[in-house]
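Lettered A, B and C in written order, each chain numbered from 1.
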Amino acid sequence: MERLPIYLDYSATTPVDPRVAAKMIPYLTEHYGNPASRSHPYGWEAEKAVENAREEVAKLVNADPREIVWTSGATESNNLAIKGAANFYAASKGKHIITVATEHKAVIDPIRELERQGFEATFLEPEPNGLLDLAKFKAAIRPDTVLASVMLVNNEIGVIQDIESIGKICRENNVIFHVDAAQATGKVKIDLETLPVDLMSFSAHKTYGPKGIGALYVRRKPRIRIEAQMHGGGHERGMRSGTLATHQIVGMGEAFRIAREEMASENERIRMLRDRLVNGLQEIEETYMNGDLTHRVPHNLNMSFNYVEGESLIMAVKGIAVSSGSACTSASLEPSYVLRALGRSDELAHSSIRFSIGRFTTEEDVDYTIKLLKEKIGKLRELSPLWEMFKDGIDISKVQWASH
Amino acid sequence: MAYSDKVLDHYENPRNVGSLDKNDPNVGTGMVGAPACGDVMKLMIKVNDAGIIEDAKFKTYGCGSAIASSSLVTEWLKGKTVDEAYAIKNSAIAEELALPPVKIHCSVLAEDAIKAAVADIKAKKLAKVAA
Amino acid sequence: MSPVYFDHNSTTALKTEVLEEMLPFMANQHGNAASRHSYGRTARAAVEHAREQVANAVGAYANQIVFTASGTEANNFVVQGICSNLEPAQILTSAIEHPCVSRPALVMQARGWKAHSIKVDENCNLDMAHLQKLLKTPTNLVSVMLANNETGVIQDITKVAEMAREHKAYVHTDAVQALGKMPMDFFAQNVHAMTVSSHKIGGPLGAGALVLDKRIDIQPLLYGGGQEKGLRSGTENVAAIVGFGAACELAVKNLTAFDMHAENLRKRLEASLSNMHAVIFGRHGLRIPNTSFFAFPNIDGETLVTALDKAGFAVASGSACSSDSGEPSHVLLAMGVDEDLARGAVRVSFGASNTLEQVKQFLGALESELARLKNLTAIAA
């Protein structure tokens, strides 16, 4: 049997923690009721489990359980928050939306859809370190700005935005503020009692929970209203209809409980592994780290390797499972739009690798990765005419390439 | 992306990697593509006075299919006359390597590299005759 | 002791074989199906295999299957998605649709469409003359469920489709309750779109699908990473999709046996119910064999359901989603059932695990409860 590669793609999805799986299984087997069934104990049992999980999710981010709405994942949460709030408040506040060019597609594409419906959107370019300039954000606000959406932790480069300051600016200007926190839970502390955030999206499968479940935080004080995107039985106080997948909800609750209890020690361990990886990889010539060096989660390391081509690089490192660009777009040949927004050249954007470290990564995994990269980058550069030119002292940016 | 076994073989064990002496009057060089497009191929051929390609070397910055395409043509070129080389079609390369439609451009690039190298050696030889 | 579960139309237990298929994807096969490394490719292959299995169960091609998180999502997607790309006209839904079809139609009404409901007769059969009349107005979409969740009555969708197509309207059928209980054929039924769901057939909660005529231009409900060919963004719920596929395969394999078994149980149930003077709704229509919806004149359904629960039987009063509303079933009202009688309705829906013995015990419990409740009523009077 082919040996499985070392998994360093925790930002694409995490394995389900065995403790989470153990908690889910009974809700797949004996407690299989529909939580909306009010006439028998199968339903009651399921409903109780759903409410316990809601409390766990709320606790991790210091929110009220009544502020948590279940969804099928962060994509749905983002769609519901953005389309739901924009449509609800368009008449009273206006039809202008602000976001950042480096947001996840699940934020950008709903906003693009709103543009087709007559909204206007500003896509702010981040600074070269991936962070948003607060002055530029403030300047983008207009009297008719209804909504701003800025992610807490970027999925590709791991930088942490200053949500608190951005939220304050939104409050001062009466703008609804949505934050995509899919990549943040269990990695950075989130306190929604103090953070000026109105809507926040969560995902279970980036935090060792199952796929197919997420949540949207909808602030109660001051109360934020959203237009439902899915209509039917009136579940989730009318904000999101659809039978709740009890086992998945139970899994998300347990995953978020573990995250709350183990975050501090886990982050320390992961930081050590990341530093080890950075130190090892920086021994390779012509490497560039993408994203701010301090305002970032320890779980993510995004590096560009100059003079090797991205796809052949991914082919060469089959022994490790990593991403070039975000998982959702890696089927296309386009260079990462996030790295391009940082001002990276197409070549460096193409030859970037996102290493994402997680709960089950070991020191041996990191050492193997360093060794593999050194060997394969060396081999590809031996093949690369660009590397040869670079070594000959030719400035590649000055070369006139035949158009093709 | 599913690569064919032949692509994987050339990618894992590329043939004729390297450079020839570009100042040698018998060596023609073709460099095609651009870094921004994700592929750069450098093909060098050494042609004897009978017009036969004695040696071919390549370096490629590009995906697995680009590397395989250039590796394959270096094998094909050796022993051919420059005119035979010039007649190699990208479709033959694509067929041999079973390239998927999105990778056909790699074979086109390889054909372009051959044509550029042949043009270079012809220009050099003409210059020699003129001198 | 666990109560006897007679509420399989609400949700049904996950089949052991299905769980076995799912478990690897909850453990070491955890890849994101969009990733290009081997974890991702394994996940992708599993999703595509499940797509074949679902397609096979509904007689469609795999590339017609769009996975969603639920039947509710698929219904919202189809009603809003198809109509949004057309010039606003009329949307027709039957009066007995699940709210996740009828409510999106009302939402579209607020955006400039006209939503109308197609009547049903006292047997829960669609009023074809009414449909014919409604179709004289330009119509974008006709949505009629294949088998009703409450009465189990099956509609003549092929006929509905023929009429709708004559008037250039698209046809959708919510087949959530039909799958696994009757033969399905997307092409024979001649619809443009069909909704199916995993947890009604012994698959897990968290997966559904829209089967779609590929020529239809449909607007997504969820935008983002572009999964499902851009029609439904969001990381694929691999484990649930795998479970859905496995459940579909089993449902096809066990269809005949299940139908015979359920029919047998229901015959026994309804023979006794008739003796007890129950009104059985839709019994003169063609029904999926596992469902029986009935009421006793002058007996309050909520009280009866609570009493049956105490006696150890899990049944439903109306559908689960609306069972906390206290409103009488909209399906029964559409059938012209008297409001008081409708309020007393009890739904029994069988699964493969139910036995004749359980039905007999249930009938015993029902009889004594009825006697007790009748006594109470007599005293009160």
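We adopt the following convention: a residue touches a chain if its C-beta (ideal position, glycine included) is under 8 Å from a C-beta of that chain, and two chains touch if they have at least 3 such contacts.
Just so it is clear, the model here is predicted, and its values are computed rather than measured.
Q: Report the chain ID whose CA centroid sits closest to the centroid of the full protein CA set.
A: A
Q: Relative to chain C, which chain's C-alpha centre is the most remote?
A: The most distant chain relative to chain C turns out to be B.
Q: Which whole number of Å gives the spacing of the CA centres of chain A and chain B?
A: It comes to 43 Å between the two C-alpha centres.
Q: Between chain B and chain C, what is the separation of their C-alpha centroids in Å?
A: Roughly 61 Å, centre to centre.
Q: Centre to centre, by mean C-alpha position, how many angstrom separate chain A and chain C?
A: Chain A and chain C have C-alpha centres separated by 34 Å.
Q: Hey, what residues on chain B touch two or more of the other chains?
A: Correct list: 1.
Q: Got the chain C residues that touch at least 2 other chains?
A: Only 36 qualify.
Q: Across the complex, what residues on chain A touch chain C?
A: Touch residues, chain A against chain C: 2, 4-5, 7, 9, 12-16, 18, 21, 24-25, 28-30, 32-34, 36-43, 72-76, 78-79, 104-107, 109-110, 112-113, 203, 205, 210-213, 229-235, 241-248, 314, 318, 320-323, 326-331.
Q: Can you list the chain A residues touching chain B in their complex?
A: Residues 307-312, 315, 333, 345-347, 350, 382-388, 396, 401-404 of chain A touch chain B in their complex.
Q: Which bits of chain B are touching chain A when the two form their complex?
A: Going by the criterion above, the answer is residues 1, 3, 11, 14, 17, 19, 31-42, 59-64, 66-67, 102, 109, 112.
Q: Which residues of chain C touch chain A once you look at their complex with the stated criterion?
A: These residues of chain C touch chain A: 2-3, 5, 7, 10-14, 19, 22, 26-28, 30-32, 34-40, 69-73, 75-76, 98-100, 103-104, 106-107, 199, 204-207, 221-227, 233-240, 305-306, 309, 313-317, 320-324.
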